[in-house]
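Each of the two complexes below includes subunit A, the first together with subunit B, the second together with subunit C.
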Partner chain A sequence: MFKYLLRRLNLFLATSLVMVGVLFYATGLFPVDRTHALTGIHTPTASQLVQIEQDYKLDKNQAWQFIAYLQQRLSGNLGISVTSHQEVAEELSAVLPASFELAVMAAIIAICFGVPLGVLASQSQHKLTQNTIMAITLTGYSVPVFWLGLYLSLWFGVDLGWLPISGQINLLYEIKPVTGFMLVDTLLSESEYGMSAFKDALLHIILPATTLAVLPFTVVVRSTRSAMMNVMNQTFIRAAEARGMHTSTIILRHALPNALIPVLKHLGLMLGSFASYAIVVEMIFSWPGVGSWLVSGIYQRDYTVIQGGILAVALLIIFLSILIEVLHTVFNPLSRKDLYATS
Partner chain B sequence: MSWLLVACGPQRLPSGLVYCSEGNPESFNPQLVTSGTTIDATSHQIYSRLVDYDTQSGKLVPALATSWAMSDDGLSYRFTLRENVQFQHSKRFTPTRPFNADDVLFSFKRIIDTHHPYHFVSRTGYPFFQSIGFSEQVKGIEKINDHEVVFYLTRKDASFLSNLATDFAVILSDEYAQQQLALGHPENVDHFAIGTGPFTLVQYAKNEYIRYHRHPDFWGEPAKIDMLVFDITPKSTVRLAKLIAGDCSVSALPKAGELPVIKQHEELNIESQPGLNVAFWAFNTQKPPLDDVRVRRALAYAVDKQNILRAVYQNTAIEATGVLPPASWAYANNKGLVDYNPQKARDLLKEAGIKNLSIDIWAMPVARAYNPNALKTAELIQSDLANVGVKVNIVSYDWSVFSQRLSRDDYDSVLIGWNADNSDPDNFFTPLLSCAAMQSNNNRSRWCNPEFDAILDSAREVSDQGERKVIYQQAEAFLAEQVPMLSLAHAKRVALTRSDIKDMQLTPFGGISFAHTSQAQEEAN
Partner chain C sequence: MPPVKIYQEDQIASPTMRVWLNFSANPFALAGLWTIAFLLLLTLFGPMIAPFPPEAQDPRALLLPPSWDPSGTVAHFLGTDDLGRDIFSRLLHGAHLTFGMALLIVVTALFTGFIIGSLSGMMRGLKSSILGHLLDALLSIPSLLMAILVVAVMGPGLENVFWAVGIALTPQFVRSIHQSVHEELQKEYVTAARLDGANSMQIFWYVIMPNVWEVVIIQTTLAISAAILDIAALGFLSLGAQAPSPEWGAMVAQGMDNLLTAPWAVTIPGLAILFSVLSINLVGDGLRSALAPIRN
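What follows is the complex of A and B.
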């Protein structure tokens, strides 16, 4: 097992290194001075220029430059934003929690609704129920997220006026960031408006989280269903049935834990498209997360922000994919089989 | 789910006002910029000026200066300053003394004195002041005592006081500046602003919001709202959606096409007021073939302004016949100086020997009061010019990039405009088309004509309004002759408010102010 973890760690480091290499190469392609692309300082003074040259070893060859670049980025120096003159790392840490909050809410919605519906679809004897559920999930899977987001905000926000459609909270609430998660911060807030602010933040997150949840939800339903049907045909389930156990006990205790393992794997495979969906959703609902920060950085030709955003998003995806794979191995004895054989 | 339903109970909202603004400010010091977005966010919220314009009558009224007197030769102005005016507090700065003459000296010396330690802290210069030749105009500023200062001018200038009343001529704190200079962070003065205005800047989150609190010791009537938030929302449709959803109470710069939607919602009001502004199409007169006046004139003849008024402004604007709008006292209807005549355009191009002309039009990416949709305007001009055989390529960037690249001078032509800062007609000519304005990159036509500058100078030297009007009409005629730019339209200033907002007054010129705005108390759902 230790060797396996070491190999995954190795994979993580190698992939990240290649990714940083690509980013490093891209800094030379931006249509501005290299010093500007690296640091975000538009017109550096003479002393700043010397400092930049030292930091990034611009007088040495590409290999040294890459190592210097790696050192700078790994030590958290992402340069300053061209438009706001603030540290990119600081801005990034301000927007990351909002994206996490949205993703966590979407994941909760997708799993809480997706798994039971998947089980229901697999167990239902009625062709009609099965087909309806499959039709709904197929529709959800194929609806473009930008269209869905716009229509949800049109219906629930503009026509019905039930839910707010943009931002994280009404800006009149002055919430001090403690954890960065708005829902948690409002609860921690000592202001007399804390509870109202929490409700307001909750109302704000419903539409974006629902929109973002649609895609993983359909994937969860479909993969739960097929995995359940697969598991229910296994001999150990028939043995349990033969012992006269109650169907619900069989499903909850024996079938579902086994069925969820492939679901986990499916979710892991989707991380990349999930991230790009999140960026679109953040743009539609003006959610102040990494996605909208990155996109406005692109519009503003803010090269340091673009690099910082891509670095953060890509690193996260690589890390989470590998984490899910490790979890998958931990929970699934079958996939450890070849491990034992090789080690 | 029941938990969710409980969450829908009555909600309490802190008292305050959210304004959906259209973009990020470039700085928090209006001296350093000319962009309306920055002016809106700073000038009337954080700062005060020596003198102000009364928004209704357009006359000068006392602000930080309680009174002023001009010497007989018109070459010096003595200001008596208001006493016990308190600066704002912030995390960085706690003022130890009230406002005095040193602050006035700091605020203006920074601009005119190139040896001043703060002069080059601004990387963008002082575009408005450079464009009116302020540092040549003001010979010196003298402190008589703590509450009296004298400005010495090099020549008589009828527009001097008007220029001090503009949104750019704000008063900064000398004490704060010295403190930050000692700490080695002079740029903080422009980022974390301290002023004497009705609101204190609390927090700025790029792309998200700017938060202000009421300044409790404001010298004038304190603001009626406790908190002011600028919700930065670049997309016009999103601003409208936020307004309908109640996430903001006032919204900036609606597109003309959205106005019918607003009329369907009873809780929304449209505030509008004829504006002192002009949208124009500036030709880079230093770049061939636009340095040829015949080509410029041909392009001007080829544009159907009525079409633009219909499609872009949806009749919320009037056609521009010159630079000055009808709301200005020096206005005269010059209809017919440059009319729509494609045949004439074709002839002029042939006469100039130009074939297969292809030019770039740079279109602003943001909505401004004078032009809600520059891209659409550019497209209309594109099709008009195609009629006379000129190919047009439309260029646009995000605002900060756009303004940066515009200061390099390699564009062909640009669709932009001007919002007056005061009611003096000079404000339409000197900052836009004088030689001084070319140095500050505010002269988008890059057109410097000594003859034209002489006309403007002579207009500033007389103080009789009738005489000045005649001279400004000469200037208009001169422009129609030379066509450094084509004026398109004068738009109304429009803002959208929810009906619980009271006393939201739009002024014909200058930035938006929330000092007197109040909000009826109500329970949000």
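What follows is the complex of A and C.
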């Protein structure tokens, strides 16, 4: 197991290195001065210019420059934003929690509704129920997310007036950021309006989280269904049936834990698509997260913001997908069989 | 007249025939296939049958609702947008931008991915590892972020969407082809063929590939639907197709200003995207279940 973890760590480092390499190459291609693209300082003074040249080793060859670039980025120096003149790292740490909050809510919605529905689809004998669930998931899989988001906000936000459609919280509430997660911060805040602020924040997150949950939800339903159908045909399920166990016990205790393993793997493979979805959803609902920050960065050609955002998101995705792979191996002894054999 | 049966034994359908029989037994998948054929025709001949040019503005027919509405006219079948442009014609002109572009991107990505994936799958050891995993790093950059990077380097435009989505899709092909070639290579029938004296090229083409085509086909359908959604999303964010272009995602973005008064300018292109992706997913699903008994 130790050897396996070491190999995964190795993979993580190698993939991240290639990713930073791609980013470094792209930085060189940006249609601005190299110093500007690297630091975000538009017209550096003479002393700044010397400093930049020293930091990024601009007088040496490409390999040295890459190492210097890596050093700067890993030590947290992402440059300053061209438009706001703030440190990119600071801005990033301000927008990351909001994205996390949205992602966690969407994941909770997707799993809480997706797993039961997937089990229902696999167990139901009615052709109608099965077909309805499959039709819903296939439509959810195919719908363009920006269009869905627009329509949800039009229906629930404008026509019915039930839910707010933009932002994280009503601007009337002044909440001091402690953790960065709005739902937690409102609960932690000591003002007398804390509870109503929490409710407001909860109302704000419903629409974006639901929109974002559509794709993971369909993936969960479909993979749960196929995994359950696989598992229910196996001999240990028949043995459990022969022992006279109740169907619900069999499904909950014997089948479902086994079926969730491939679901986890599927979710891991879809992380990139989820991230793309999240960017669009954040744009539509003006959610102050990484996605809308990055897109406004590209509208303003804010090259340091683009680099910092892509670096953070891609590193996160690499890390999460390797984490999911490791978890998959931990939970599934069968996949450990060919662990040491091939590449 | 059906052919007269002389012999007792049943005719055994070829594998391809069996897949087709399985596939066509599913009415939804067949409907999807017809829709795709229809879309292909529109992609090729849409601009010819469109009643208006895509950018023709009619100041006397601004924000006209679709023809089934009491105040709509048949001349503008699906209504007009805020500049008086005919939505039906724009949809027809946009088909080759959204759907045709997606096909083009997928074919290119498939070709590149096929070469790299099969090469790295057939090789062993470090070389295979490097070739196979090199592009895995690109896999971790979501397609939209890749597009943002490409736009930052080359500026927005429909040609750059080709590169952005293509670069995002190619590693998926590389990975799936690499994995399935690698898996097949371990199996015993390959060893048997090798003992019969087949060289690497023959093993690759005649022994392994027939078992890998299914993976390639399924991956292709997945990639086409992903490509359409990506192109449309980029058009919507105006990072891809730019404002007057009749690309479907860009049409949604252009209709957004009048969402409350003229929702059809957003609904109709959105539905067009939804149905084209849905039909491709239906075919993909049908293919997967038709191929499943053979694969297992």
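The rule is short, and it goes like this: the second predicted complex is superposed on the first by the 339 of 343 C-alpha atoms of A that agree within 3 Å, B and C clash if a C-alpha of one lies under 4 Å from a C-alpha of the other, contacts with A are read in each partner's own complex, and residues count from 1 in each chain.
The rule is simple: a contact is a pair of C-beta atoms (placed from the backbone, for glycine too) under 8 Å apart; a residue touches a chain by one contact, two chains touch by 3 or more.
Values in this document were obtained by computation on a predicted structure and should not be read as measured data.
S.K.: When the two structures are superposed on subunit A, do subunit B and subunit C clash or fit side by side?
M.R.: Here subunit B and subunit C can both sit on subunit A without a clash.
S.K.: Just subunit B (first), just subunit C (second), both, or neither: which does A:P31 touch?
M.R.: A:P31 contacts subunit C only, not subunit B.
S.K.: Who does A:V158 touch here: subunit B (first), subunit C (second), both, or neither?
M.R.: It touches subunit B and subunit C both.
S.K.: A:T15 in the overlay: touching subunit B, subunit C, both, or neither? Say first, second, both or neither.
M.R.: Only subunit C is touched by A:T15; subunit B is not.
S.K.: Output check: A:S276 vs subunit B and subunit C. Expected answer is one of first, second, both, neither. What do you get?
M.R.: A:S276 sits against subunit C, while subunit B stays out of touch.
S.K.: Based on the superposed arrangement, let me know which partner A:A314 touches: subunit B (first), subunit C (second), both, or neither?
M.R.: In the superposition, A:A314 contacts subunit C only.
S.K.: A:R301 in the overlay: touching subunit B, subunit C, both, or neither? Say first, second, both or neither.
M.R.: The answer is both, since A:R301 touches subunit B and subunit C.
S.K.: Taking the superposition as given, does A:V145 touch the first partner, subunit B, the second, subunit C, both, or neither?
M.R.: After superposing on A, A:V145 lies in contact with subunit C but is clear of subunit B.
S.K.: So after the superposition, what angle do subunit B and subunit C open up at subunit A's Cα centre, nearest 10 degrees?
M.R.: In the superposed arrangement it comes to 90 degrees.
S.K.: In the superposed arrangement, does A:D200 touch subunit B (first), subunit C (second), both or neither?
M.R.: first
S.K.: After the superposition, what is the least C-alpha distance between subunit B and subunit C in whole angstrom?
M.R.: So the smallest C-alpha gap separating subunit B from subunit C comes to 6 Å.
S.K.: Pick out the shared contact residues on subunit A: the ones touching subunit B in one complex and subunit C in the other.
M.R.: 158, 301
S.K.: Once bound in the complex, which stretches of subunit A touch subunit B?
M.R.: Residues 42-43, 81-86, 91, 94, 153, 157-158, 161, 163-167, 170-174, 192-193, 196, 198-200, 202-203, 286, 288, 292-293, 296, 299-301.
S.K.: If we count contacts the way the header does, which residues on subunit A are in touch with subunit C in the complex?
M.R.: 11, 14-19, 21-23, 26, 29-31, 138-139, 141-147, 150-151, 154, 158, 272-273, 275-276, 279-280, 283, 294-295, 298, 301, 303, 306, 309-310, 313-314, 317-318, 321, 342-343
S.K.: What does subunit B use to touch subunit A in their complex?
M.R.: Against subunit A, subunit B makes touches at 4, 7-9, 11-16, 18, 24, 123, 191, 205-209, 211, 227, 229, 231, 233, 238, 241-242, 244-247, 397-398, 400-401, 524.
S.K.: Any idea which subunit C residues touch subunit A in the complex?
M.R.: It comes out as residues 125, 128-129, 132-134, 136-145, 148-149, 151-153, 155, 182, 186, 225-226, 229-230, 232-233, 236-237, 239, 249, 252, 256, 259-260, 263, 266, 270, 273-274, 277-278, 280-282, 285.
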